[in-house]
Structures are given as C-alpha cells and as structure tokens.
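One chain, subunit A, links the two complexes that follow: it is found with subunit B in the first and with subunit C in the second.
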Partner chain A sequence: MGAWTVLQERQAMLLDPAIRDWVLLPIMLVMVLVGVVRHQVTVLLNGPPRKADLKSARETKGLQRGSILRAHGNHLPEYAFEARKAYLTEAFEKGTYLKDPKAGNKPKGNVMQDPAYVETMMDGMKKNMMNIVPQTVIMGWINFFFSGFVLIKLPFPLTIRFKSMLQRGIETQDMDVSWVSSLSWYFLNLFGLQSVFTLILGSGHAADAMRDMQAMSTMGMGPAAGPQMSPTGQPQDMHKIFLSEKENIELTEHEWGLNNVETRLLVKYGKLPRSILVDQKKAKAAATSVSGPSTSSLSSSSPAAVAAAAAAAGGKKKGRRQA
Partner chain B sequence: MSGQQINPDDALYVDMFIAKNSQTMTFIRSSYSAILGIAAGTLGLTNWSGFIFYFTGSAFLSFLIFAIKAKARPSLYFRQPLDVFTEGVLGGLLSYILFWTLLYGIIHVYD
Partner chain C sequence: MVNAAKVLQDLRASAERKPDVVVRLGKPLVENGAVKKLDADAWLVYEQVAIAALDVGDDALAQRCIQALEQKFPGSARVRRLHGMKLEAEGELIQAGEIYKAILQEDETNILAAKRQVMLLRAMGLPSDAISALVKYLDINYTDFEGWLQLADLYLEQLMYSQAAFCMEEVIMLQPQNHIFHLKYAEILYSQQSIGLALKQFCRVVELCKDHVRGLYGIKLCTSHLLKLSPSKDSTATSQEDLKAIDLLATERLIATYNAASSSTKSVSTKWIENL
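Here is the complex of A and B:
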C-alpha cells in the first residue's frame, strides 16, 4: 500500500489543459455526433419497412397459428381444440399454407438467382458497411492525429499486461498503466456511450458498437438477413418447418383450463383446505406412474385424473401469485 | 417430449408490456449509471472505492425500482422477478467507467 502511494506520488504528472480542450473532449463529441448521424442515416437508408407479399405473410401466420394453439390451447374447450388440431395438422401436412404448394420436395435452384434472396443479402451488406465505415474512419483519424498522446488517467489501477494495449504508441517503460493513450479513450467511449445513445436516440437505435464488433467478425450475412434465413444464410425449406410444427401439435395434449375450477376457486378463497389440491396432485402422479406411457388414453378415459392434473396446474399458478 | 416445451405460465404475460418494462428499466439504469459516474468522478474516488460506490448505488437503485416502480411485486412486471436486481447492472458499468474517468480526469488530473 505504501509502495503504491509512493508510486502515485512519483507519477503525479501534469497534463497540458490544451490536450483536454483539443483532444479529450473533441474525441468524445465527435463520437457522440457520429453515432447520432449514423442512426439517422440508417433510418434513411432503410426507409419504410418492406411489406411482405401476401403468400409469405400467410406462410408465417400459418406457422404462428400452430404455436399459438400449442401455447394457449388449454383455454379452449376440448372439442374446439381437437377441431383446430385436426385442421392444422392436415393443412401443415399438405402444405396448404406454403408459398408454392406444388414445389414440394423439388430441390431448390441456385439461390443467387432468386431476386428476393439477393435483395436481402444486399440489404445486409449495406447495413454492415454503414456500421464498419464510420468506426474505421474515426479510428484512422485518432491514429493519424493523436497517436502517442497521453490523454487521461484511469481512476483505477490495471495490471501490467494491459500496458501494451492501453499505451500503444507511447514508448515510456516506467509510466503507470493507468495513464492511457488516445486510442484507449476511443475504446472507452465506444463502449461507454451506448447508454448515452439509448438516452438520446431511444432504445432501438442503430449506433450500437456491439453490433459493429459482430459485423466485423461475421462480414457478409448479418442478423439483418431476415427471418426466413437459417444462420448459414441459406433459405430454409418451409415444408420441413411445417412438418415439424405439425409433429409438435400432434404431441400437444389438451388439458382444459376450467377443469376442476370450482375446487380451485373455493381453495383460493379459503373455503376448502389447500391440502385437497395437494392430495389430487399426488393421486395424479400415482395414476401416471401406474399407467406408464399411455397418458393420452388415460386423460380421455378417467376424468378424475384429468381433474387432478388441472388442479395441480392451478395450484402451481396460485402459488406463483402468492409468492 | 418435443423439446419445445411451452411453459403454461407464459400465457400470463403480454410480450409487448414485458418489452416496454425492460425498456423502462434500461432507460433508468442508463441515466443513473451516467449520473453515478459523474458523481464518482467529481468526488475523486479511485480504485476499489469507485467500484464499490457503483455497486452500492446500483443496489440502492434496484431497491427503489423494486419498491416504487414494481410496487414490491416484480413478478407482475417481469418474467423473472430477480431481473429487477440484475438487469443492466453490468451494461451500465461501462458507461459508469466512462463518465467516472472523464470527470476524474477533468477535475483531478488536469488542474
């Protein structure tokens, strides 16, 4: 500790106020302004969001219907659920909602000849360029004019390993690591200004440095490629997605949300002891363990077990609310 | 089973509101961490005291959000109730460091 103070004393270094006025603050100002300009340019370039054509909208909405049914099916009565299940599985199987139902399993041609694909790709490239160019320019500017400047002292010590990174261009062996160069100030700004941008541009802003980093590492297809592209950039086979969604729907079991609702209500308002629900839960667990894998047949054959299951679900929800 | 198990409790939350809530959280945390940084730099905190200051301040803010914004029932507003205490704390640290360094530099390094 004592050695540290001595070190600090020895390195009490005065910086010229002109550096503050002409380097430190301008760099920060320029970075803020460039971020704002970039946001505006991105908004301008993107224009109004492209409208999906009728067929592809139908395709996505068809898939969504399936997942909505799976998630919220318990709010429907049994017959309604079954009817939707039957209808959707059939439609997915036959590919009614596909953009091009006849294409079926025919192998795709060269994707580069598909104008829609090329357009999405160009969009991605354009956005990536917008991200990379300003940062490169600012970094070049700082490197060209201000390399070798000691700009500021970090208020916390760092290990010696950071020296080569933070004091690049400053060939002083013994200087403490917490004195940093202009490039480090640039990086500090790059990451620290994110929340400032969030404040002045709103949360969906396009001045995101993290995205730049991603863009630099995955040059080419960015996350802007659109929902129908797999991570590899190839358009996906929609029929396969529909088939797997169909399987998911078939596996979904129906458990009506209103089953046993009287008991749950009475328990909620304290007219019946809570232990009733627990007993039913136990009964259900016992029943499933006895009957083994044939749960679906059980749920249609023994109403008591279904009631117990619903009660179990209800009890869980109730516990969550009261916690 | 199918690998994509759907949590029945999800039906109780509206995605739009959840997004709006976390946006509000981000907004509060961003401005707060910048202000904390300015305070720390002005006070001339160094080393650990600065970080301790940030985390203490964040804990205080979390408590305020918990008590005032979420009315002590965060599970009504967030999928994971603990998000109130953790979300955005580390993201705010970067801008805290920026403003801390800036003000510390301007006030205590440049005379």
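Here is the complex of A and C:
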C-alpha cells in the first residue's frame, strides 16, 4: 500500500488544461459528429430496399420445410410423416424448389455475371467503405497531430495488463496505467459511444462501429433475401444443399410422440405411478438396441462409422447378457 | 396520452386484434393531433387505428388515418393495401381486388397484398379460387402457420376433411406446443372416423392443457365409441385397460370441473355423460 501511494505521488503529473479543451473534447466531438454524419449518409446510400425475389424466397422456405419436418415430425402420426418424407426427398432430389429447376446439376458459370450477386457485393463494399474511410481519416488525424499525448487520468487504479490498451502510442514502461493516451482515447470512444448514438439517433442507427466490425468479417453478406452465400462470399450451389438436406431427411427415423400418450396422461393425473414411464422407456431402448443401431443416431453414412456403431451395439448386447 | 401510446405499442408488438380498445385509445390521439408528437411511431399508430376503425365500422376515422398516411407516403404499397381494405369494408370488392393486383404486379413478394387477395376471394364467395390462391401462397411462404390454419378452415367449409387434416398437421409441425391446434386436428380426425388417432390427439390436448374441457369431452366420445367395438389387433392402438382407465379419468375430471359450475350446467353435463 505504501509503495502504491509513493508511486501515485511520484506520478502526480499535471496535465495542461489546454489538452482537455483542444484535444480530449475535440476528439470526442469529432467522433460523435462523424458517427451522426455516417448515419445520415448510410440512410441516403441505402435507398429503397432491394426487392426480394419470389423464387429465392421459395428456395429458402423449401429448405426450412425439410428441417422442420426433421425437428417436429414426431408430432405427426406415422403415415403423415412418411408421406411428407417421401414427397420432400423426391422434391429435393429433383430440385423442385430450386430457383431454376433445370439448371440443377450444371456447374455455375462465372459468378460475376450474376447481377444479383454483383449487387450484393457492391452493397457490402459501399457499407465497408462507409466504415473504413472515416475511421482511417480520424485515426490518421490523431496520429499526426496528437501522437504521444497523455489526455486523461482514470480515477481508478488498473493492473499492468491494461497498459497496451490504455497507453497505445506511448512507449514508457514506468507510467501508471491509469493515464490514457490519445490513440487509446480514440479506441475507447470508438467502442464506447454506442449508447450515445442510440440516444441521439434512436435504436437501429447506422453509426454503430461494432456492427460494422461484424459486417467486415462477413464481407459482402447481403440480407436474407439475397442469394445464399457461403462465408467465403461465393454463392453456394443450392442443389447440393438440397441434396444433403434430402439425405438428412432420409436418415430421420420417425418415433411418434403420441405412442404412449394415454399412459403419460394417466401418470399426469396420478392414476399410474411415474415409474411406469421409465420402465417403458427401458423396454423400448432394449428393443431398439437388439434390432440393431437406429439410423437416426448415424449422422454420417461412412462405412467406418456404421461398423463402429454396430460394434458398439454388439458390445451393449453382450453387456446385457452378462448382467 | 403517453399511456395510450404505450398500450397501442404493446398491442402492435403482440399482434392482438382488439379493435375496440385500439379505437377507444387511438381516436382521441388522431383527432386532437397528439399522435404527431410520437414522431416515427405516429405512422404505425395511424395504420393500426385505420385497421381497427375498419373493424368496428368507423369509416370516417379510417379515412382520416389513411389520408394522413397517403400524404406522408404517396404510392406506398402498404398504404394502398389499407385503401384496398377500406374499399373491402365498403363492399367495393372488385375495386379492392384491382388494387391488390396492382400491388402484386409491382412486387410479387408483397405478403400483405397476397393475403388480402385470398380473403377477398373468400369474401366474394369463391372458396375454390381462395383455396388455390392460398395454396400458391403457402407453397412460397411455407412457415406461415396462420395461412395453413386459414386453408384448413376453407377445406372444412368444403367438407374436405383429409385435406384439412393435412393442413392441421403442418400447423402442428410449425407450432407443436399449442394445444388448440392439436384439438382442432383431433376433431377433424374424429370427423374422419379415425377414432383411435383422434383419441390419442385428444389425450395430447389434455396433456398439454390440464382439464381442457373440450379435450375431455373428446376423449369421452372416443373411448365410449372404441369400448363398444371389439379390441383392435393393431399394436399401436390403445389397449383395453388403458381405454377403460382413460374413460374413467375423463369422466372424473369432467364431473370435478363441473362441480364448480352452476347446477343447471352440471346436470346437462352429467346427463350427457350418462347417455353416452
């Protein structure tokens, strides 16, 4: 504690009030103003939202059909489930839901010739430009005029690890960590002005630096209505996605959720002991493991996985016999 | 005024349709111009009040809201749809249909206009056209469970039970937790004479919603029917002991539920149970 006060006293630096008036506050002011201007320009640039394409909407919803069947199919009676399974596997195989069913297997041409794709790319570029340009300019401005400035002292002590965060641009080892350099002040503002913008511009504003960071990492990612993109920015081959979804559906086993609903209901009203449900579950588990591994537990269809699962099931059977 | 705006906002968020409340709260807001103080929300309030006013038949209020919106957003598809709804309310169905058609020609993905078109066909008394339009709509907007519900209703009106059952299956897949949908499905199955399946669905209703009276009545109907038949050989069907137990349970719960009700209601329900 003693050493701490000594250090504090030794570093009782006095900052020129002019630094506050001409550096600290202007940086903040400029960042707020730039944020507001950026919001307005983004609104201007965005223009009317791009019209969604009916066929691509159908494509996405078609895929959802498959995943919903897989997730909630157990609520349906067996015949209803099987009918849907048969229909969807066939439709996915044929590419009924594709934007262009005939182009199914053909390799895609040059993506740059697809106007929708180019448009999404341009939108992404515009947004990124709106983000990068002003931030670069401000950072250059600060670096040029105020590099090495100490602007402010935080009113609380911090550990040494914060040094790289708070004293960027100042290469001194001994200075107390609570002093903040000009460049670090810029970064603190960049990430901290979020709620100020919400106050000025209302929620959903476009001045949000964090959102832009995300936009940068998923560059060119358009709205949901746009063509499907992989993380690398290439449009995906929807037919392949449909085929893999078809495989997933084929592997889905149907286990009707209402098989023992009467028992469950009787248990719920206390007419039967709760243990009866557990017994039923055990009996069912025994039945399925004897009849071989259920396909639903196999997410991959590689021969090795099948063999491994078969071996595991065999082991289980042996174990039961020994018991 | 702040409170009224808050209530209206909550109603918008929950998508509840309470036209009487909306008109009662929104009418003064629109008429004394206080709505303008809500900034961006004002236009949402105008739209909400306009639809509610059409619901309760306050055409003057609706006209006022729609005019305000038209001034602010000339040519907007959303406002034109409101205009179409007003024409519908006035009985000018053909003109309304033309508006929707024009909106869809500009933007074929306009869901609101597509939905209105279906309802327009239904209102015109063209159920088969409404069905085909709705089927087309659902082929694209598969996840709209309300659309599936509407289609089930349309099929039921035509007594096409198996098609209606198919729609209810879709609804259940999209909203598996809602017991009302299970109930509707169960009742359709019962009408289709699949009593065994219907029993299971009715059980599911009561499982999801304790002491659901309509579900209990359904169980009672199914069990009394099934107990009269010879035991089914199907392994998935309910066993005889379970049937008896469930039948007993339903009777017990119905009597218990009606014990709280007035004596006349109670006597009706006991008589019904005895007669079954």
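Please note the rule applied: the second predicted complex is superposed on the first by the 222 of 323 C-alpha atoms of A that agree within 3 Å, B and C clash if a C-alpha of one lies under 4 Å from a C-alpha of the other, contacts with A are read in each partner's own complex, and residues count from 1 in each chain.
The rule is simple: a residue touches a chain if its C-beta (ideal position, glycine included) is under 8 Å from a C-beta of that chain, and two chains touch if they have at least 3 such contacts.
In this text, all values refer to a predicted model and were calculated from it rather than measured experimentally.
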Handout entry: Touched partner set for A:Lys99, first subunit B, second subunit C, both or neither
Key = neither
Exercise for the section: In the overlay, answer first, second, both or neither for which of subunit B and subunit C A:Leu266 touches. Expected result: second
Exercise for the section: Could you look at A:Leu258 and tell me whether it touches subunit B, subunit C, both or neither (first, second, both, neither)? Expected result: second
Practice task
Report for A:Arg168: first if it touches subunit B alone, second if subunit C alone, otherwise both or neither.
Solution key: neither
Exercise for the section: In the overlay, answer first, second, both or neither for which of subunit B and subunit C A:Lys61 touches. Expected result: second
Practice task
Could you look at A:Lys281 and tell me whether it touches subunit B, subunit C, both or neither (first, second, both, neither)?
Solution key: neither
Exercise for the section: Report for A:Ile152: first if it touches subunit B alone, second if subunit C alone, otherwise both or neither. Expected result: first
Exercise for the section: Look at A:Leu199 in the shared chain and tell me whether it touches subunit B only, subunit C only, both, or neither; answer first, second, both or neither. Expected result: first
Practice task
Please indicate which partner A:Asp53 is in contact with in the superposed arrangement: first for subunit B, second for subunit C, both, or neither.
Solution key: second
Exercise for the section: Under the contact definition given at the top, report the residues of subunit A touching subunit B in one complex and subunit C in the other. Expected result: 72, 75
Problem - Residues of subunit A that touch subunit C when the two form their complex - result: 51-54, 57-58, 61-62, 64-65, 68-69, 72-73, 75-78, 80, 202, 256-259, 261-266, 268-269, 271-272
Fill in the blank from the handout: subunit B residues touching subunit A in their complex are 1-2, 4, 6, 8-12, 23, 26-27, 29-31, 33-34, 40-41, 44-48, 50-51, 75, 91-92, 94-102, 104-106, 109-111
Handout entry: Interface residues, subunit A side, partner subunit B - complex
Key = 14-15, 17, 19-20, 24, 28, 70-72, 74-75, 151-157, 188-189, 191-196, 198-199, 203, 247-248, 251, 313, 317, 320-321, 323
Handout entry: subunit C residues touching subunit A - in the complex, by the definition given at the top
Key = 40, 107-109, 139-143, 166, 169, 172-174, 176, 197, 199-201, 203-204, 206-207, 210, 236, 238, 242-243, 245-246, 249, 253
